[in-house]
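Shared between the two complexes below is chain A, which pairs with chain B and chain C, respectively.
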Partner chain A sequence: MSYHFDWSVLWTFRGALLQGAALTLLLSLAGLAGAVFLGAIAGAVSTAQARLPRLAAASYVETARNVPLLVHIYFWYLGLSSLRLPAFWCASLALMVYCGAFVAEIVRAGIQSVPAGQAAAAQALGLTRQQTLVKIVYPQALRIIAPSLAGVFSQLIKDSSLASVVSVGELTFQAGEIEGVTFRTFEAYIGITLVYLVIVTAVTRGTILLLRGRAPSFLEPS
Partner chain B sequence: MRRGFFGGLAVALVLFALAVPAHADALANIKSRGKLLAGVKYDTPPFGFVDSANQLGGFDIDLVREIAKSIGVSVDFVKVTSPTRIPLLVAGNVDLVAASMTNTPERAQVIDFSITYYTGAQRLVVPVGSPIHGPKDLDGKIVAVQQGTTLERNLAQVAPGAKALPFRDYNSAWLALREHRADALTGSADILRGFIKNAPGFTLVGERFSVEPFGMGVRKGETALRQVIDDTLRRLWKSGRYQELYRKWFGVDPEIPIASAG
Partner chain C sequence: MDVAVIWNNLPYLAMGLAVTLQTAALVIVAGSVFGLALGLLRSVGPRPLRVAAMLYIEFIRGTPLLVVLFIIYFAVPALIGFRFTAYTAAVIGFVAFIGAYIAEDCRSGLASVPKGQAEAGLASGLTRGQVMRLIILPQAIRRMLPALFGQFVRLVKFTSVASVIGVTELTGAALTVNAREFRPLEIIIFLGFAYFVLCLLLSQLGRWLNRRYAIPQ
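The block that comes next holds the complex of A and B.
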């Protein structure tokens, strides 16, 4: 193969890579926060006893997740261009709405998978409906959904790379810039692959640790 | 478990080494394949674009067809964009690239260029009535541009106070201007003319602030293929066919000859 690797470009452009990583993290954090907020509410609402809130939550989930994320981004950036939202927020909002739908589904499934006996026992002990939900059902649901949530979070971080199409200077965009100047395609993209790997692994392990209160099973000594 | 792992790794490495092709002659490959793989733009009028009837056409496309005719093979067009044209050529996905590509010293270190077949100029497109009349008025303004092009660098040199907004392809940059995400769009004058043809609210402004010699690209060392391209281009110029194509796509006669008359 006549291609000679030149890894020094990653060092020369370390500033751009750091900038990209910072923006990826910021974008992912904003998206995560919004998605968790939206998804928790929508997920909880979809387990309501009244029919209208359930329908509302279901239509949000179906619409949001059946539209490609790229279309979401263009919707905020070009469709609603009259709002003049900065590209970063267009991408963040798109991520929030899109991933929020997935979180909603996971939350709904989690809540519904907590054994009915738990709620029944709580009510028998005299807890109000609200106390039952907040102190008994939701904490157990959280532990159940921890792995699925970690999955959605890892997907969100990877999906943040789409923000590069609206010129947000995150990792994938920076790789494009580096490659445009140096023509070192392999080095640029392998470089950001490694950074994405580190970020995603850290976030997924962290999420499971946080929500389950203990390390995931594959880290425990056998 | 360990032995199995290393055995598998060894097999994978051997397969990988076998899969990597030995240095080959692109022209010979094209002839034996019976097909020329050409990387062209699909979104850059009038060089390479898909029109409203979903037909691919353009100045680059017509020239590539002539080259394929010289070699005596058919041609398969592969869509490229400014960021992907050189990587795809180097990786072997295409044999040549005719994608409104400027011949620069940095690029010439990575690939080989044909003779210059078009000389372009970089200019600006702004909405009608904009206070921007040229590159001097760009301080603090947002300028949409395509990523991975000489246009980005020229803009930084000529208007350091401008804020560049790079996009992956020309169309996105043009859309950004249309939706007032940017104050101006910079690009090659003839390409910009192609965009504003159907958009009456926009106009070309300013004097040219760079000279862009376009060349077709081949992989480094593919001298035989490059020779065929150069000979074809020169022949087209002498026979008048080049001028015919130029008039067809740019509406004017070419000012700069691409070959000597003799």
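The block that comes next holds the complex of A and C.
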């Protein structure tokens, strides 16, 4: 091994790394918000009784999640290049649509996993259908799906690295820049890996803590 | 919309598709073997190896695929002074990446086999190795099938990332065609459709296998 490690480049380029981390966070948050929005709607709709909305939700989920994220990004960036969307928004929209499909599947499973007796009991007590869903079913479903949702979020943060392909200056892109200037390839990529690790761990733990709340004990996944 | 652009470039796109299929097949086989071995080490290996496997799995699962590919294509050569071709680097990267996820599925598959089965096997005089090979693994693998095919579908989608380090698989080929023809909308929609069909076929195969080999409850 003739390679001499020089980890000081990470300190020298701390500004670029911080900026990259900030953009990764921003990109992930935008993607996350959109994915939760799309996923909650599609997931709730796919448990509806009417056939047509269910079909629409299912076709969104199947189309979005069976196409690679990179192709989603290229769709907004190249395919719709006539719209001239900024690269950041191309990547965000791609993350929203792609990850929204995974959120939808989790939401659907969560709603279906709430025992049917809960809804029946609520209706017996005179709650309307809508009240039953909003006050009884959804809050319980939210607690059940917290860990799976955290999994999708951590995936989303890692997936946001693909935005570097369309020159969004997030972490992975900055590592490429540092590498280009210093040839410190190994240090740059291991360095950003650690940053990803920190962000992913923080968001995963945070999601579980936030959504889990005080789950009723009979709902704790065994 | 001008579908002719796809038709005219079909041979080139088909070549890209062939590379994608070949990569996926190679990585599915190698990744499953690697993941299974890693999962076994993680669950029942000797203690130091168990810890090493855990560290590896956690490291990979915390790292974006693109960064794994960059490390193998750009960073590792700087360390060992030997450069892989982009294709080799992509295959190594995919196997290293998907192996960690398959190892986790394997671990939960192994854990899902009731303890009584292993105890009964040991009590009837089988060795530990025999219990694993004849009793635990066959059941664990059948239980793992849905998760395993989930990983395979992810993998097919992941192969598109190889285009970033310059492999001319389906996505790379489509980008090349677009650079020549500049009909981005048609080409990207075709690209998405091709992956869609591929993933759907693979998950159907997984469902069929699961129906056929699922353990009756």
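We take it that the second predicted complex is superposed on the first by the 213 of 222 C-alpha atoms of A that agree within 3 Å, B and C clash if a C-alpha of one lies under 4 Å from a C-alpha of the other, contacts with A are read in each partner's own complex, and residues count from 1 in each chain.
Throughout what follows, a residue touches a chain if its C-beta (ideal position, glycine included) is under 8 Å from a C-beta of that chain, and two chains touch if they have at least 3 such contacts.
Since the structure is predicted, the reported quantities are computational estimates derived from the model, not experimental observations.
Engineer: Mind checking the superposed model to see whether chain B and chain C fit together on chain A or clash?
Structural biologist: clash
Engineer: For A:Ser81, using the defined touch cut-off, is the partner it touches chain B, chain C, both, or neither? Pick first, second, both or neither.
Structural biologist: both
Engineer: For A:Val165 in the superposed arrangement: first (chain B), second (chain C), both or neither?
Structural biologist: The answer is both, since A:Val165 touches chain B and chain C.
Engineer: Contacts for A:Trp11 in the overlay, against chain B (first) and chain C (second): which applies, first, second, both or neither?
Structural biologist: In the superposed model, A:Trp11 contacts neither chain B nor chain C.
Engineer: Looking at the overlay, what does A:Glu177 touch: chain B (first), chain C (second), both, or neither?
Structural biologist: first
Engineer: Identify the partner contact of A:Thr185: answer first if only chain B is touched, second if only chain C is, both if each is, neither if none is.
Structural biologist: both
Engineer: Please name the chain, chain B or chain C, that touches the greater number of residues in chain A.
Structural biologist: Counted on chain A, the partner with more touching residues turns out to be C.
Engineer: I'd like to know which partner A:Thr193 touches here: chain B for first, chain C for second, both or neither.
Structural biologist: Second partner only, chain C.
Engineer: Under the stated touch criterion, which partner chain does A:Asn66 make contact with: chain B (first), chain C (second), both, or neither?
Structural biologist: second
Engineer: Tell me which stretch of chain C runs into chain B once the two are superposed: 9-17, 27-35, 63-71 or 81-89.
Structural biologist: 81-89
Engineer: Indicate the residue numbers of chain A shared between its chain B interface and its chain C interface, in ascending order.
Structural biologist: Residues common to the chain A contacts of chain C and of chain B are 1-3, 78, 81, 164-165, 176, 179, 183, 185, listed in rising order.
Engineer: Which stretch or stretches of chain A touch chain C in the complex?
Structural biologist: Within the complex, chain A contacts chain C at residues 1-3, 62-63, 66-72, 74-75, 78-81, 158-162, 164-165, 172, 175-176, 179, 183, 185-186, 188-190, 192-193, 196-197, 200-201.
Engineer: Using the touch definition up top, name the residues of chain B that touch chain A in the complex.
Structural biologist: 20, 23, 82-83, 86-87, 90-91, 106-107, 110, 147-149, 152, 165-168, 172, 175-176, 179-181, 220
Engineer: Which residues, counting only chain C, touch chain A once they are in their complex?
Structural biologist: 59, 62-67, 70-71, 74-76, 78-81, 153, 157-161, 163-164, 171, 175, 178, 184-185, 187-189, 191-192, 195-196, 199-200, 203
Engineer: If we count contacts the way the header does, which residues on chain A are in touch with chain B in the complex?
Structural biologist: Within the complex, chain A contacts chain B at residues 1-3, 77-78, 81, 84, 87, 164-167, 173, 176-177, 179-181, 183, 185.
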